[in-house]
Each structure stands twice: as C-alpha cells, then as structure tokens.
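Read from first to last, the chains carry the letters A, B, C and D; within each, the first residue is number 1.
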Amino acid sequence: MAGFDAKTLTKHGGLIALAVLLLINIAITPNFLQMQTLFVNISQVATIAIVAVGMTLVIATAGIDLSVGAVMAVAGALAPLIFLSDFAQAYPTLGLAASIIVPILVALLCGLFNGVLVAYLGVQPIIATLIFFISGRGIAQVLTNGNLQTFTHPGFSYLGTGKILGLPFQGWLVLLIAIVFWYIVNRTMYGRRILAVGGNENAARLTGTPVRRVKTGVYVISAGLSGIAGLIVVAINSASDAARIGNLMELDAIASAVVGGTLLMGGKAPIFGAVLGAVIIQLVKYTLLANGVADEVALIAKAGIIVLAVYVQQGRKE
Amino acid sequence: EPPPLEQKERYKVGFSQMESNNPWRIAETKSFHDTAESCNWDLIATDAAGSAAKQVADVDSMIAQGIDVLFLPPREEKPLIPAVMKAQAAGIPTFLVDRSVDPNVAKAGEHYVSFLGSDFVDQGKRVAEWVIENFEGDKGIIVELEGTTGSSPANDRKSGFDDRILQDDRFEIVASQTGDFARDLGRQVMETLLQAHPDVNIVYAHNDEMAIGAIQALELAGRKPGEDVMVVSIDGTRDALQAIIDGKMGVTVESSPFFGPLACEVMKKYAAGEEIPPWVKVEDRIFTAENAADHIDEAY
Amino acid sequence: MQPLLRMQGINKSFAGVAALTSAELEIAPGEVHAVIGQNGAGKSTLIKILTGVYRKDSGDITFEDAPWNALSPREAQDNGIATIYQELSLVPLRSVTENVIMGYEPRTKLGLIDWKAAHRRTREILSDFGIDIDVTQPLGSFSTAIQQLTAIARAVSLNSRLVIMDEPTSSLDDREVETLFGVVRGLKAKGVSVIYISHFLDELFHICDRATIMRDGQTVAVREIAESTKLGLIADMLGRDPEEISAAGMTDLGGGTHERGELLLEATNLHTDRNLRDVSVSIHKGEIVGLGGLLGSGRTEAARAIFAMDKLRGGAVATHANPAGFKDPAEAIRSGIGFLTEDRKAEGIVPEMSVRENMTLALMPRLVRNGAIDRAKEEEIVKKFVEALGIKLASIEQPIRELSGGNQQKVLLARWLALEPDLLILDEPTRGVDVGAKFEIQSIIQEYVEKGVGVLLISSEFEELVEGADRIIVLQDGKSVSELHNPGITEESLIGAIAQSHDASPDGTQDGAAA
Amino acid sequence: MLDQNTFDLRKYIQGNGQSMGVWIALVVMIVFGALRYDNFAGAYNISSFLNYNSMFIAIALGMCFVIMTGGIDLSVGSVVAFTSVCVAYLSPYGIQVALPGGILAGMAIGALNAFFVIAMRIPPFIATLATMLGAKGGALVISGRQTISVDWTSNFTKFGMNNVGGILPWSIIVVAILAVALWIVLEKTSIGRTVEAIGGGEDATKMMGLPVNRAKAFVYILSGGCAGLAGVILASGFGAGQPLEGVGWELSAIASVVVGGTLLTGGLGSVPATVAGALLLGLVFNILNFENGRGVISFSAYWQMVIRGLFLFVVILLQSRVSRVGAKQGA
C-alpha cells in the first residue's frame, strides 16, 4: 500500500536517514566502528543538540531565535572572567559555582529581552532576535576587550571534557535536558500551553492561557540552554574567543529542529526529534570531513541533504 | 607615481581594518592605536567585519574625510584594488599592510607606495623546511588544517607548505580541511580527521589557534602531541609559544601583528622624500624550543 | 434536457479515511439545486473536487457535455464555474476592491491596473447587494456579513454558467438573506444554474428547485423541493423514519420556562474602543439571556468585553466573587465563566492538537497534580463528554481538524462544560451545524440551564433566540436599547423591536450592512 | 489567512504609520550627519555611499517581495557572491553581456528556490537556507577558491565605478529604475496584487482563482535576479568576483524590509519604504565611520556591533510606537 509506505517514511524519516548515514559510514569511513568515534560525535553534537532543544520550543510557538550563537558568546565570555578573577582565586569553589551560574543567569536575561520584545512589544521574532544576533557578540567582545581568554582550570573544563561511565559528560547533559523538556512538553501544563500558543494563539488566549508569559518563557529557556552550550564550548577549548563561540549555531539549531520534525508555523515540539536532527547534521559533517570531501563540495552536499531530509519529513499533504 | 606626502607635525591617518574576529587582527589594530599617540597621528580606524566590499566603502568614507595617508590591510587581493586606485586619485599615499593586492593591476611605487608585510607563501615554506629537517621518522603522515576557505593567507600558506613538503617523498598529506582559523573548529576537525587517519604523525595548521585546537583534540584522544605527533603552525601567539615550551608543539613561524611602529617609521621616511622599497619585508622570526622561552613575554 | 453538470461515482479519501464514496450530483441548466446533509456528509468536499481544490480519487465529471477535470480553482473559474466557499476565501488585509476584482482587473492602455475603474466597478457590483461602503478600506475592517456578501458579489460578477454557494447565509441576517434570494432568482432568470448548500432548510423552500441529499459521503436521494417537506428532508439526511423524528420532537431551548435564580453577573454601561458604547446586561442563575440585534450591532463585542478579551473604556462588570470585574480571560474562567466564540476556526480549535488536548485546554489548571497533568483524569473527563455529547470521532487522540464542523463545535462546547461553569457565553453556538447536531447541542444547553447554569446567548437565527431566551436584550449600534421578556416574544415582535430602535437611533449608518 | 485575528487588524492597517517611522529616522540621520561632519554631504561621500548601498537596496527589494508572500530568502548573500564570480568570467564581453548574464545566473538560483518551495513544499526558511550553503559552495567551486579578476579593459568596470555628474553612480541609477519598476509591478499589476494577497492568506488566494504558484515563483526568481544584479555591481565596482562576499547580507536585507514597515507575516509591504530602510541601515555604518574620524571617541569594531544592534532596537521601538499611536488615532 503506497499510502502506508509514504506515511511510515514521513513518520520515521529521521530514523531512516540516521540508519542510512550509519550504513554509509560503516561502508566507507575508515575506523568508523570505534568507541572513540562515538565519543567524538557525542562531544561535538552536544552543543547543537542542547541549543536545538530550546530552538524547538521557540519554533513551537511559531517564533524563531537567531540570537542563540550570540548568547553562547556572552555566556562563554563571562565564565572565564569570573573564575579568573581575584575573588575566584581566593574562593575556588564559590568562584567555580559563580562562573557557571552567573553566565547562565545573564543568558536568561538576554532571553528575557528577546521574549519581552516578541511577546509584549509585538516585534516579529526574527527581527527581535536579530537585534541580539548583531549586538550580542559585540557585547561579549566588549566584556573581554576583544581578547582571547585562555586558561587551565580542570574543574571548569569538566563541563567539556569530563566523563561519566566512560561517556562524555555533555552527552549525559543532553540526555538529561532532553528528558526534562520532553516531560515538560508532554506532561505539564506549561508544555501544553506552548503548543496551544503555537497552534492557535487566539484560542489559547480565550482559554485563559497567559500567552505573553508563555512566549517570553520559551525565549528565556532557549537563551538559558544557549548559555549552557556556550559554557561547554569554552570548557572544551580551555579558551574563550568571544568572536567565535557559537558562530552560525542558529542555522545548525534551526536545521536540527526542522529535520527533527518541528513545523516552522508552530504547534509541534518533538524534543527527541530535535536531538535526532542534531545527530543527523553532526553525522553528515563527520562523514564529509572524515572522507576528505573539500569544504566547498561539502557545503553543496549539506544543502542537498537538508532539502532531502526535510522533504521526506514534511511528507506530502493535500 | 604615488602621491607625495608633505611633512607635518600631525597627520590624519586612516587605518582600514578588515575584521576583528581573531586575536591577530585585534592585536594589529591595537598596535596602530598605540602608535597613534607616539607618532602624532589622528587615527581613523574602521572595521569591515570581513567584507571586502565594505572595506572599500570604509576607505571611501575616509577619503571623504580627507585623510593624509592610508594604511590598508586588504581583505582580498583583487577586490581592494578600487580602494587603492581611489586613494591615489584623491592624492592620498597608500601603504598596504600585512596582505597585498594583485600586482598585475596595482603596483607598488605606482598606485601605492609600498607593501609592509611578510610573505605568506614563504611562511608555509619555512614551516615545511623545518619539518623536513626535524622529522625523524620514515614516513610523515600529514593532516593540514586550513584557514578560511578561499582567503589569501589560507591559499598561500597551503601552497607554500604543500609545494615544499611534497618535494620530499617521505611525506604525504592525507587530509586537508578547513578549520576557519578558529580554535574550536580546529579541534573538531582534528578530532574527526584523527579518527579517519589514526596514523597521522604531523599536523600543520595555518595558524596557532587551530594548532592549539588540534593539540586539545590529540590529547582528548589520548595521543601525545610533541611526542607521537608533531604539531607545527604559523603566527607566534603566546599560547603557541607556551605549547612549544611545554613540548607539545614543534615550531611556529612568526607572523607579527605589530605593524604600528613600522608603519610610523616608513611613513616618516616617505614624507622626508626617501626612497621606499616596493616591499618592506618583515623579518619573520621562527620560534622553536630553543628560543620560545625568550620571546614569550613579548608575544600577544 | 441535457444536464449542465453530471458527477458520477466520485470517490475521495483523506489519508485513508473515505470522505466520499461514489457520490453523485446532477444539475440542470437554469436550476437552483440544493445540496444538503449532516456535518461531514461530504458536501464541501464534493464541491472542492469539482472546482479543482482537491483531486478526486476516481469518478467521472461532465460539464456542458464535455469531460471536466479542473486542476485549479482558476481553471474552474475561467471555464464558467464560480464558487463561494464555506470558509470565506478572501484576503482580509487587502481592500474590498481587490477582493472583488482580483484576477479580473480593468486595465489601462498600458496594461496596468486601472484603480479608478476598479473601485467604480466594485461599487457597482456591491450596490446590487445594497452595500455602500468605502471599497478602498481593507476588507477585514468590515463585519463578517459584509465579507460574506463581498464573496458572493465576487462570484456572481464573474458571469459564470454555474454558481456554487457553500453555506452563503451563515453570517447573514434576514434582510440580507432576502437580498441574496433576489440575486439567486436573477441568476436563474438569466439561465445560470446555482448549487446551494445550506443547513437552513427553510431557505430551500424559497428558492430551490431540487435537492440532492448526502449522507456519509454518499448521495442518498434527489428530491423535488415542491414535493418535499422539511421533515422528509431531515429524515433523508439522518437516515431515519420521519415518524420517529417527529415523535422525538424538535428540541428547543425552552425559553421562558426556566426558574430564575440569584444574580450571577451584572454588566453596566459597557464601553470599549471598538464600537461598544453603552451596553448593560445582567444574567441570573438558570436563565438564558439573549442578545438580539442586527449584524454588527455589537453583540460579539459585548461578550468579549464581559470576558475581558477587550479592555473596557467605561462601565463595569461585576460578579459575586469578582466585584471589580476581570483583568483577563483567565480570571473570568477561574470565576466560572465560559465563552464559546463565533469563529470556530480562528478562535476556537487548535487544529494540530488532539480532541483530548483541545477539550481540556481551559480545564488544564484543575488537572494539574504535582506539576504534571493528570492524564488518567483527563482521559476520563474527555471520554465522558465524548459520550454524553455524542461526538463522532475515531479516537480522542485524533487531531481536531479532522472532525466535521458540527463535531468540532461539540468538542468546543465540551471544553467549557467540563469546567462546570456558572455562566456560559454562547456566540452563535449552532452556526454551520447540521439540524441533527443543532438539536443535540440545544438540548445539552437546555440540560445545563436546568441545572442552574446561566447562559448569555447570541444568535443570528431569530427562531433560536425567540424560542430559547427568557429575556432578549436588543442591541443597536453598540448600545442596549430595549429588553423583551418571554413568554410572549415572537419573531415579529423581535424584528419590530430591532427596527423600532433602529429608526429611533440618531445616525442610521450601519456600515451599510442593511441599507 | 482568514483565521488571522481580525482584531489585530487595525494595528497593522496603519501602513502609513508604520513606514512614517523610517522616513522620519532617515531625514533625522541625514540632517544630523550633514550638520555634525565635514564633507558628509559632499559629492564624494554621497556617490560612494550610494554606490555601495545600491547592492543592499537591490537585495532588499527582492527580499521585500518574498516577504510579502509570507516567505523568506536566506540565499541572497550567497547568490551575490556566486553571481559576482560568474560575471567576472563574463566581464571580457562587456557589461552588455555581463549584466544580463549575472541577473540570469541569480534568477537560476531563484528558480531553484522556487522549485524547492513550490514543487517540493519545503518551508522557505529551510529551502533558502540550503541554497545559501549550496550557492556559496558553488561560488567556491567555480572560482577555484580564488577571487576572480575582472577584465579591466572592457567597459565592464565602468558600470560599477563611474558616476553621472560626479555624484550619481550608474549602479544606483539602475537600481532606482528597478525600484520604480517594482513599485509599479506591485501596485499596478495583477501579479503584484497576487503577491500581496498570498501574504494575506495563501489558501484564500488560491481559492479566489489567483495564480498563487506563479506569483511565488515570480518572487523567488525576482529575488534571485535582484541578488544577481547586486553581484554584477559587486564584481564591476570592486573589480573581482568574490566567492566569500555576502556573508550576513540576507539579514541586512531582512532588517531593511522590516524597518521599512513590511510585515514579516506577509500581506503588507511598500517598495519605497524598503529602499528607505536599506538607506537607513547603510547610513549607520557611514555615520559610525565619520564619528570615528572626529576622534572624540573611537568605536572599536565590537562597540560598532553593539551600536548597530541598539540602533535597530530603537528603530523598531519607534515603529511599534508610531504604529500604535496611529492605531489609536484611527480607532
């Protein structure tokens, strides 16, 4: 039955794409079936996946968040400033805690700014977040005076290089974040309200949904997760380069969310889909790199894969 | 003939930076700002945010403001030629800094005064020579981390290195991928390439940032940079010198961003009517385990 | 005579679910032909296949003796079939003129649009419908009635041989319906055929020659109107015996029979930024208060103001628990008020969400336990209402957009009933709902009123209002002008009250809605 | 779409109020610049400003049409780069070949976007994101990773470098003609009306029997063509085909369109206000450069980013303010 096939393809498009990619890699990529490959991919996909989860929530309300990369830069620039400060040298534990908590709080504030613009001032999301997209990285560089900050701080670096049960710490973090947000979306009132706002804002308002608070909330969440991702990037590199952290992350995150089955017009928030989308995008990058495909050709290949993956995902509707 | 420069107490100087997204560029801009005070400049510094077209527009707006002299690190060889031509037409002597323009169209001593800078091809070649000299194994398996795809330092550092190293048939370049001159990408690309080519024993990065990223990738994979893998690159940043001192990196060929003092000196000579060579070559030092410790304090 | 249009053995399914199974339709030239059937019977689908919005799975269509297979609405239009779709297919952001003449613009010699001529032509077309408005204004700034008439005007102006009207009167009042009838008769006189889809069976007896009756995607009968009775048509639609139906009786809302209890809500001198100028309403336990008036008189806006959807500029809303009124709909809901809106699609359903999620949207705060939604309780409530209201669906996890209009409406009604409200505001609760479902919905409302719920009822159907309401407050230009009491109200007295206050009002401008 | 909340309408209907903000801001900025800086209003600055910004006006115009249909075109920056490389190869044949050639090359990528969006039903954001990557890759492939020299001996570079009367570059003249033509298309032709109708409700427009797919194909191909024109200006004004140029230009274009008062959800838009929006954003750079030249404060590159963001913020606040006041008065 043709209908059945098309439907399964659409429904499990992401998983099928993943399987195909894995098979291709097993066939052609040298040394693919190794634990180290898994570690490398987990550690590289983590930041995309974390940001993609937040992006999925924003898109579920029919919004979009271009500022994720800039927020990563702000958080990433702040952390070393804090744990390299005199205060943190004097009180290492407190300093470490502050260097994680304060950047995330600041990221949340950035999200609040976006959210207020969108929800309370009625600015269109792409433009509201464009403001921070342009200036956020500048702010991060102002904070650091444009300097690259390098450091050795095993405690902080754990965020990026630590392992639990042999698997990278940030992999576990992704799992935890995905489970928490899956639960929020599928089991709590807030989650249901996100979907309602994205699905029909008027109906949501009329049924007592605090639409503006719900919308603000998703931008705050997205920024908070971006902040965490920014910290991870800094931790892996033992360096913070405000000009580069999270560069082009918005595109990867949006692509992950959409490949994972999120509808840009809102109303759907497949959290694990977004993680799957991120894994697919990561694996495509890995495949092209490991097989020595030239950068410019890789760009074209990526373009084709995104189009195909979304084509399969969206299916054909009457 | 480039326009002459009159001798004055104070000059209005234009410096058109191409981008500020890496430490090298930031150090270069800072060097010009620092020189402005000592050299009696009113400095107008612009930033083109990585766009050659905007850099031309920036130069235009400086010409409109009536600068006396222009220092221009051209983002691209060909697209910045109009900027050079326009400055010349406006009677403003131009000095190219750290990168040059296409010599087939614009010539030193004719359209602009002179090019102050190093030779990217030569930098790559010198790294290759150091590797040929110091590599002790039988077979050198090389991974190359390229700069921004299509940018002139990436193209030149690649050709300089590749041409020289491949003359020695001990060496083979098994992978060459872009890390966009960035540490984080350098690390990610290295992680991946290391999986695909575990037998690699030489990493050549087009700048120190990517080299540091590669060192991290190697360490994360349990390899010993400096012992089983030789890491070499270009720039001479503080982190790279530290890595050399720590024995993790073999060599970095200097590519100094501190052009301010040189610019001041050359400009004064030109105003005094002295002959300026078409290429004021910057003598790039080479940092290895022997001298890294002596220079780390002056590095950026 | 050869039929103008013949559709035979039409099959169509959506994602595996059959919407039409060998449906038939035959239209004679110059005939006004009704298509009737319950919600979801497949009327609109049949039409959309004809006009190329959907593609048929199988079947034959001949139009004017030639095989017909329109690939797009445009093609259908160009070949002589003009359609007014059930969901108003207009662009509210654009001007009235554009909505009427788009695609057929008058051109200047240079081939550019001649806006002057376009506006003139639009005014001419609309004047046939007794509408005199500023045609350069965005269509969305006019009332639903004007919008619906605009859609009709556009279709009629296309000089077609077949005009299809899918529920054209759902937003029109009696006078506008009369205007429309005039237009239909005019078309018929010119030899144009009309397909007329409506749930108001009385209308058919005024203008239609024949009726095709559909049930569950099939054509079950074709009747001569002159030889049919309303009861007979209903029996055909429902597939039941006429006797059985007449024995069961046609439930209505039982206006004037209710025991009036304590005061629930008192709204005085309401005034908003949007046309509401001075409306006072009070509702007691166990009574149905109707809001009467012409279209655009401010009935919906009064409801929105009470529910705190619109900001009050003057006046007050008070309940026992909230003497100072509500600051937002959430607060209104918390104090036991539900609001079933008139526009199901724009303000009611969340299309991608399941029936379950749609039904519990307002109830959610009460379903939360330890931070999570109590799924077991949720399902229990949803199932209870699906059964009690007789909602037809495949599963409660089905997206609501897949339900027919009447069933969607029942889900939305259940959304509010589940709150166990004290007061229900019902804006056009039976609009676009078939007779069967209509009676069901009315009897559900009746049942809750008897249990002591107060209802504020807005309906453009005078019959529903006259028979249902205990009191009717007549609105005119955003003011409440008089009040009628049941028993004793008749349609005539209601119309009289509206007309009287209308004449008495200082300025008679009605957006030209009824000139 | 009809299910759009009709009650929000009035806010949006104040189209005049929306675009008033950008005109006011534009005038204020120009007066400010002319009074504060020497030579700001001089012929040299005006002509070079117009020449550089003609590219941004061109892509903003195309973007405006795409956005009016409720879509978006992220590929324009890469298309500029791609076509600049194409026309660099065409430059020996002169501008009479290179100009149409570049525009056609851009239209070809636009057609690809149209195919993805219309035939494959891929959301515009994703479809054009893919062509953004693809066109950049394509530009690098055909250029062999190098900037490509143009032919300086043909008349090609005259187009991008010469002025009329020392103040009006040829590029801005062509772009101005384009803007007027597009204005007429939008206001006076049925395809233009259809474009706006689609943004107001795609399904409804289709059911009204308007050629929705044709209009959508039109806007994407138009946007590609506009980017192609910008690519020609780039190659001819800067003497090279540049595969790395155009990064982030799509966001400038979107910002110009929005600052010009066009609704991102589609349905309402204005050609002149879009041009004003593009000029306004360009002026910010120009003024920052002049401010640096006064030597009082020297804004570092990162401060410039912060200031640009702040500026966009202020313009957008101003706009929502103005349109809200307009709505009040209209009510």
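Everything below uses one rule, namely that contacts are C-beta pairs under 8 Å (C-beta built on N, C-alpha and C of every residue); 3 or more make two chains touch, one makes a residue touch a chain.
Per UniProt, the chains are C = Ribose transport system ATP-binding protein; D = Monosaccharide ABC transporter membrane protein (CUT2 family).
A quick note: this is a predicted structure, and the numbers were derived from the prediction, not measured.
Across the two interfaces under comparison, B-D and A-C, the one joined by more C-beta contacts turns out to be B-D. Note: centroid distance subunit B to subunit D, computed from Cα atoms, is 34 Å.
The distance from the centre of subunit C to the centre of subunit D, each centre being the mean of the chain's C-alpha atoms, comes to 43 Å. Averaged C-alpha coordinates put the centre of subunit A at 29 Å from the centre of subunit D. The residues of subunit C that reach two or more other chains are 346-347, listed in rising order. Listed for subunit A are residues 141, 146, 200, 202, 295-296, each touching two or more other chains. Within subunit B, contacts with two or more other chains are made by residues 20, 149.
By the contact rule set out at the top, the touching chain pairs are A-B, A-C, A-D, B-D, C-D. Every residue of subunit D that touches subunit C in the complex is listed here, in rising order: 2-7, 9-10, 12-13, 184, 187-190, 193-194, 196-197, 199-201, 203-211, 267-268, 331. Contacts from subunit A toward subunit D in the complex involve residues 64, 66, 117, 121-124, 126-128, 130-142, 146, 200-202, 242, 251, 254-255, 258, 264, 295-300, 302-304, 306-307, 310-311, 314, 316-317. Residues 14-16, 54-55, 307, 309, 328-330, 332-334, 339, 341, 346-353, 357, 361-362, 364-365, 367-368, 371-373, 375, 415 of subunit C are the ones touching subunit A in the complex. The touching residues of subunit D, when paired with subunit B in their complex, are 37-40, 42, 44-45, 48-49, 52, 55, 140, 143, 145-149, 152, 161, 234, 237-240, 242-245, 247, 285-286, 289-290, 292-293, 295, 298, 300-302, 304. By the touch rule above, subunit B contacts subunit D in their complex via residues 17, 19-20, 29, 33, 42-47, 49-54, 56-58, 60-66, 76-82, 90, 102, 104-105, 148-151, 155.
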